[in-house]
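Structures for review follow.
You will see two complexes here that share chain A, one where it goes with chain B and one where it goes with chain C.
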Partner chain A sequence: MELSDLEMAHLKRLARLELSREETAALQKDLSDILGYFDQLRGLDTGGVEELVRPITTVDVFREDVIRLSLPHEKAMSLAVEAQEGFFRVPRTVEEA
Partner chain B sequence: MMTAVEIGRQVASGRVRAQEIVRAALERAELTQVELNAFITIAHESALEQAEKIDERLAAGEDVGPLAGVPIVVKDNICTEGLRSTAASESLASFVPPYSATVVERLEQAGAVVVAKANLDEFGMGSSNENSAFGAVKNPWDTSRVPGGSSGGSAVAVATGVVPIALGTDTGGSVRQPGSFTGVIGFKPTYGRLSRYGVIAYASSLDQVGVLCRSAEDLALSMDVMAGHDPKDATSLAGVAPAFAKAVTGASDLTGVRVGLIEELTGEGNSAGVMAALELTCERLVQLGAELQQVSVPTARDGIPAYYLVAMAEASSNLARYDGMVYSSRTGEDRLGQADVMMKSRGSSLGPEVRRRILMGTYALSAGYYDAYYGKALKVRRLIAHEIERAFEEVDLLLTPTVPSVAYPLGEKVDDPLAMYLGDIDTCLANLVGIAAISVPAGFTAERLPCGVQFMAPALQDERLVGVTALLERHVGEKFAPLAPL
Partner chain C sequence: MFEAVIGLEIHLALRTGSKMFCGCAAESLGLLPNVNTCPVCLGLPGSLPVVNREAIEKALRFSLALNCQVPEVTQFHRKHYYYPDAPKNYQISQFDRPVGEHGFVELEAGRRIGVTRCHVEEDAGRSVHPPYAPYSLVDLNRAGAPLIEMVTEPDLRTPEEAREFLVKIRAIAQALDVSDASPEAGKMRADVNVSIRLPGEALGTKVEVKNLNSFKSVQNALAFEIKRQTDLLESGRSVLQETRGWNEGGQRTYSMRSKEETADYRYFPDPDLPPMRVAEKWLETVRAATPELPDAKRERYRELGLRAFDAGLIAFDVELATFFDRAVRVYEGEAQLLANWLNGDVAGHLNANDLALSRSKLSPENLASLLTLVDEGAISGKTAKDVLPLVIDGGDPKTIVEERGLKQITDLGAIEALVDAVIAANPAVVERVKENPKVINVLLGQVMKESRGKAKPDAVRELLNEKLG
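Up next, the complex of A and B:
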């Protein structure tokens, strides 16, 4: 399984990762090798087998609907990369018309 | 070096002060740090402050708890209030959590004092502790070799006697493998046994907090303190936790206990030293009354690809939060727009192995490939779970090497990710299936390197592993988990 340049570019965008040209090339090789190894699973017959997503079965539990103290707003916001008037400040998401 | 149980007793009885114990641990941490780099933060101030409080409370006649004054080390992907928790990542280099993980809180409530935060592979991604933004950790038995990972710093802290107990996390072997490489006990409980509230997530269907220590008694005490339902963690097991201390005191021999060697993992592919350690343990088990037999887990060797696919897929999702928008670190000017700032922030603050796993996971989950990779891995996971269930119909415990080799030289596998991944072949099964597993010291090889073996027990039967560890410890005596040279 060889990953193409286009696939690498698409993947970087999906994963929101900026990579240098050298690293992209190195990772393209690594990923192809690793995928090649993962392909050993294709030989296993998994017809009719259900996916196992979580190793234990838990049931939904409801807690009492009581108001409890949580982390104070200021304390949580003190970790923000950038904050303004108690809100997170982030770069523009939508372009101006 | 006293055990945690002894320290707790001595401090509670007033024979020694918590401050003396904690000061000695801090000094020893500093001493090892120069050469081994096991710590990201040594918590001088907060540790001494806490120790002082414990001494004051004891002087006032209060009961401080069974871990009174016991110094502990916590892996740096577990949150500690007011104490930087980096996950060994540039992206969290200045992250000071506003609350502590439940496991830390419970240990502290029982009197334990966090003296340092341990180095690790970034976000738990690695098996050699070389993938850290804070530099590699070295093995105290041979400083040219790796200590194992990802809980390498925690293992070294215990092996060198800085502390009797350290917390790690285990997603595919990250507590057991460094335990084996440094000659200490490494325990991964059943999935959900210990709360993960406040633990920085890597792969949520596999992650579990674990304990590194040098005695079964200490393991039991720490588990008794930490286990039990936590309403803040939706995957935390309901119901009463087992009585771990009782599993130690109540263990007499292994008469009637059936131990199964997994055929597929106990032959070719293991080094001679590892095979010798396994044989020695088998002899000891027989002397203790156990019945040994071979069992088959036909897809055992498919565990690695299944495990890595699941882990990488879940990682790509969990680590989406380190985008430089809300917290973590931001690179790039606002005018570039949000998507580009995210790309720059993530590209510059996440390390190479983390980037590799995120890309792989993104690929495995992406349109057109889900069924062939992630979906397939989940089906193989089910096959392995069925096979292990069947094996436990024949035997009570499963036995394998912990790792196919002993600690390898630093740098040997850094540029060969696949070779590094293959080292998890024995350990990843317990995470895929969610069962309890432990690495128990099993002697030293000809080159004076420690080597462990792994026991697995059915889900929820964690205490059986603590029991068998206690018996082996008693059987071997002083040489069970010797202190590493400093």
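Up next, the complex of A and C:
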């Protein structure tokens, strides 16, 4: 299964990845190989096999509804690339009305 | 004549203490930005979300109340998109196994509106866009707060029906203690899908309207959109499939013209969150903990003798219903009288003072006691209305009536003395009564004034008629 250039461009866009021509070509080949592997799996008769979403069998992990201390504000903001007035500052996301 | 085809997508903030997947407080109203965050809701690498059991339980309660089928296993998916208010670059939501599917809600007229699904998800943060600045500001206090999203089938036909549906959903969510469901406080948000068609024909092109934050705007936006689409089709043009916003000031929808590509969310089961089995035993606990639903309440109020209008008004307002239930327990008079006062004078006074019933000092016991004083003839209805503001401020009716000497004069001898005195003092009026019996009201008013409103008007009228008739 060969990943097309168009699909590759779409994936790069979805993942917000900026890749050089060489990197793109290498990744395109790797992803195509992986898809080829899945094609191989698709050829198997899995009619009687139950769907396995996760490789672990754990179920029902819950926490009780208890409020715990949040991070101190300075600590949360210490990760910010840009901050202002206690907010995270990001490139503008809407146009001026 | 075109008919509208309307579907709703409703988000309700779940009422829990902590967020959906971490221990930060779910409520952040009035807090400074970014004080309610932790590695989980900030989406820091290596953090592990853990499901808040209470949120799932409340979502199950809500789903069952909407007659949904609940799957044996429910699970979370990741929904991927990039936006600064979603710090993980995905939202934890549900996809193929939501907490509820294939439910319905019945409208007043008996029509069933299909509920496609109810699922649990985490809320996003809040963005602020200062005017003319080249940046936006992000507050992640709300990020990770628990939400229910419910989607209806396109079964609604008019803006009024859509509003009725929303009112009902709010009443159910409040009665079940699932959500505050207050659009004003941002605890209930609705998007609408609307198209028009000739009855019996295939569905028309649908338009989505977003950013509706009151029931009134939902109704108005739908009315506007139906008219706009009708005008387009009638003038031979066509409806464009798009997302539109609602301009509250201009009362019109506008094209959002987003360069939005077809959404490609790349859903997959969240590997951090194991599936949850909804065993019958758990559902039994949920059912047992489900309080009376608004429809059942209204039915019960009708049986108490309430008029349909009052029964509905009280049953669909959880605050009012709780108050009414307590008052009815101690009040021995007609339940309808209680409803009259609650929906009339009490509501009027509270509205005029912009006060919520729960925030006022009016107790159900005191309201019942005020009405009982009227029923026993101790005070007139007029006096009861006069002292109501004091009772709403927390005063005890009996004490107020006692201290202010407002008790009705029921002693006939005392009333007769007053009547005699007024007759003696107004010979000219008495003359006129002979020509026009209605003039007796002048004397009645005089007696009432002399008694400072405390004489029983019926008794006074009877005595006057007796003496002058």
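For this structure, a couple of remarks:
Here is the rule we go by: the second predicted complex is superposed on the first by the 76 of 97 C-alpha atoms of A that agree within 3 Å, B and C clash if a C-alpha of one lies under 4 Å from a C-alpha of the other, contacts with A are read in each partner's own complex, and residues count from 1 in each chain.
In this text, a residue touches a chain if its C-beta (ideal position, glycine included) is under 8 Å from a C-beta of that chain, and two chains touch if they have at least 3 such contacts.
These figures come from a predicted structure and were not determined experimentally.
When the two complexes are overlaid on their common chain A, residue A:Arg16 makes contact with chain B and with chain C alike.
In the superposition on chain A, A:Leu41 makes contact with chain B only, not with chain C.
Contacts of A:Leu6 after superposition on the shared chain: neither chain B nor chain C is touched. By the touch criterion defined above, A:Val53 lies against chain B and chain C together after alignment on the C-alpha atoms of chain A. Within the superposed three-chain arrangement, the count of touched residues of chain A is higher for B, of the candidates chain B and chain C.
When the two structures are aligned on the shared chain, A:Phe62 is found in touch with chain C, with no touch to chain B.
On chain A, the surface touched by chain B in one complex and the surface touched by chain C in the other have residues 14, 16, 53-54, 56, 58, 61, 63, 71, 76, 79, 82, 88, 90-93 in common.
On the chain A side of its complex with chain B, the touching residues are 3, 11-19, 23, 27, 30-31, 33-35, 37-38, 40-42, 44, 46, 49-56, 58, 61, 63, 71, 75-76, 78-82, 88, 90-93, 95.
Against chain A, in their complex, chain C makes its touches with residues 16-18, 22-25, 32-39, 42, 44, 50-56, 73, 75, 80, 82-84, 127-129, 131-140, 264, 266, 269, 271, 273-277. On the side of chain A, the complex with chain C involves touching residues 10, 14, 16, 53-54, 56, 58-71, 73, 76-77, 79, 82, 84-94, 96. Within the complex formed with chain A, the chain B residues making contact are 95-96, 98-99, 190-192, 205-206, 231, 234-235, 237-238, 299, 302, 305-306, 308-309, 316, 320, 323-330, 332, 334-344, 346-348, 350, 352, 355-356, 358-360, 362-363, 366, 372-373, 375-383, 385, 417-418, 421, 431-435, 459.
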